[in-house]
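Down below are the structures I want you to see.
Both complexes shown next keep chain A, but they swap its partner, so chain B is in the first and chain C is in the second.
Our next item is the complex of A and B:
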């Protein structure tokens, strides 16, 4: 898994590539913890290149979402591959998260 | 030429997350052997995820990440039945499957989706605690 962090204005973009699972989730959790220390915590998690998500990854994202909202911010997801999106639908986490087709749309939503 | 009846892969994996991607690779290659699978990538992912969740459960609960512990995984691809059967066997602590509640999907949870996903994505899920250890059997018809 690769993890890159960028900023676009006051939004942090966390871009994950590869398998996002119980082996790699701790690194993502650590970054989520760091980027949600400041208020408002505005975060886009770009999952365009994530091929595999397991239940630990879902838990990590839910924790990140809660942390962002506790810090007057929001966590948006974008770029979910079809098979990954279907897991969000099955668990109904597609209702908990705001999910955008791509990063540009997610960033646009923060401007509105 | 005689038609292939089945392909079988046997793995012995240490009780750690490290090598679980090997299982995903085996499943992907096996699904490739079957003609005309609808939504092949989605089907492969669903099986990979289910097998991964059960193995993670073995690592977490049966062995609690103990060094020097192993579990066996047998993958059987049956061409006539168009099925993939994944059997896992460990000798760790027994698991009380009945104690795991189905998550309330109207609420957002941090935990509890793993086995729900396995039951939702596979056609058959059987767990048995026997004198020689714990046996999981997952079946997907392709």
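Our next item is the complex of A and C:
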């Protein structure tokens, strides 16, 4: 798994590639914890290159979402591949997260 | 070498007798041995004492040990002979002296060995590191002959400890500064002599220092300092002895730490065992007989305590409910929240007026949301209610998967959750869903410990294998289907350890 962090205005973009599971989730959790220290915590998690998520990955993202909201911010997801989206649907996390087709749309949503 | 000659005369009196007799036989009137102008012995014994005419000094290095005196002879041959005998006696005296020194060193070493042995034995009877350090310091000071000293230990994850003798020779902060100053020198020992010019190296009131760092588990994490050896500096044997004591202290501290860790581990283990028993007692002890259902449920925690739960609630005059849940995270915290979730759901199913899976779920989310949010966890939960008259299963699924439904006449399929898990959103937007449940229909509600079980190659058991297996075993009983799932996952994992709890409920419709 690879993890890159970029900034676009006051939005942090966390881009994850590869398998996002119980082995790689702690690294993501650590980054999420760091970027949600400041207010407002605005975060886009770009998952275009994520091939797989497990329950630990979902738990990590939910934790990130909650931290962002506690810090008067929001966490948006974008670029979910079909098999990953299916897991979100199966556990109805598609209702908890706001999910965009791509990064541009997610950033646009923050501007609005 | 003082009085070495008199000791030799006493111990070898017969040989000196022979020498004296031979001088007398040669015509000498007397033969005598002197030390510091005092006569030690003379021959013949009844002869009046008088200084000799022939005198030969007994010399060892620069020192004169004594003299041989002869009277009545003065010829050159006698002079030569007396000088030669004085030479031999001086050589023998030297040997005698060396032997004496070696003997006393040997005795001293033996004493020290015995003292270290006693110290080691007594160390074992000390109950705390503090007591052991104090005891060792006192004994070591006594053995080395220093007037004061200190010992300190800085263990990882534990409070540092400093002992000194006598109490309050230096204030504690100064002593710590000194300890670290000595430590940073990174040597096998630090010796500061009483002649040290740089007085900054000697704390006030301290004349000389010997500091020995102590290794604990391959890091220098302790040390012992000996201060103020009176009159002389610490010698090479002192350093050797101090290092031997330090290595004993090191071994003893390591043993203490190991004991402490083992004890803590055993304590934690027994607490975990207790938690596990409590947790297992919370789960249903018996599976109820429910008209129209063949029912089986069980759990296999991956750790001592787990975050999975299942429940079957069959009270007379009340509808039959069952639930399966999984708290995110593992270990004790997940286990604690699991008991909260289990109790919340059970209480509502047992006592709420007109309960349905939806109302139980909504109420439970309301109860648990704040706590779960504070702790950053959530719980996926499935609650089902069986209506035998209508041959229907009503359920609410809050983010739980896998849930597999297999009508008797078609293939098994996954049921998606209708709402997010408990603890994610303040309002869960959960609704009741219905499926027909006739004889032969199967519902399996499992936890991700099945679908996400990994093998050595890190690939997952997955949903498809579960669906295929349930199709394959559809004609079996609920228990047989459950056992087949457990054993298929175990076979798949090979030697890969079980990483997550595995919990399931299997329900199969049977003719009433």
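In this text, the second predicted complex is superposed on the first by the 112 of 112 C-alpha atoms of A that agree within 3 Å, B and C clash if a C-alpha of one lies under 4 Å from a C-alpha of the other, contacts with A are read in each partner's own complex, and residues count from 1 in each chain.
Here is the rule we use: a residue touches a chain if its C-beta (ideal position, glycine included) is under 8 Å from a C-beta of that chain, and two chains touch if they have at least 3 such contacts.
Since the model is a prediction, treat every value here as computed from it, not as a measurement.
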| item | value |
| --- | --- |
| First (chain B), second (chain C), both or neither touched by A:109 | neither |
| First (chain B), second (chain C), both or neither touched by A:92 | both |
| Partner chain in contact with A:59 - chain B first, chain C second, else both or neither | both |
| Touched partner set for A:82, first chain B, second chain C, both or neither | first |
| Contact breadth on chain A, by residue count: chain C or chain B | B |
| A:27 touches, of chain B and chain C: first, second, both or neither? | neither |
| Common ground on chain A, meaning residues reached by chain C in one complex and by chain B in the other | 22, 54-56, 59, 62-63, 65, 87, 90-93, 96 |
| Residue ranges of chain A in contact with chain C within the complex | 22, 54-56, 59, 62-63, 65-67, 87, 89-93, 95-96 |
| Touching residues on chain C, where the partner in the complex is chain A | 326, 328-329, 373, 376-378, 380, 397-402, 414, 416-421, 424-425, 429, 448, 452, 460, 499 |
| Interfacial residue positions of chain A with respect to chain B in the complex | 19, 21-23, 52-56, 58-59, 62-63, 65, 82-84, 86-87, 90-93, 96 |
| Complex contact set, residues of chain B against chain A | 17-18, 20-21, 24, 41-42, 45-46, 48-49, 52-53, 56, 103, 105-106, 108-111, 113-114, 116-117, 120-121 |
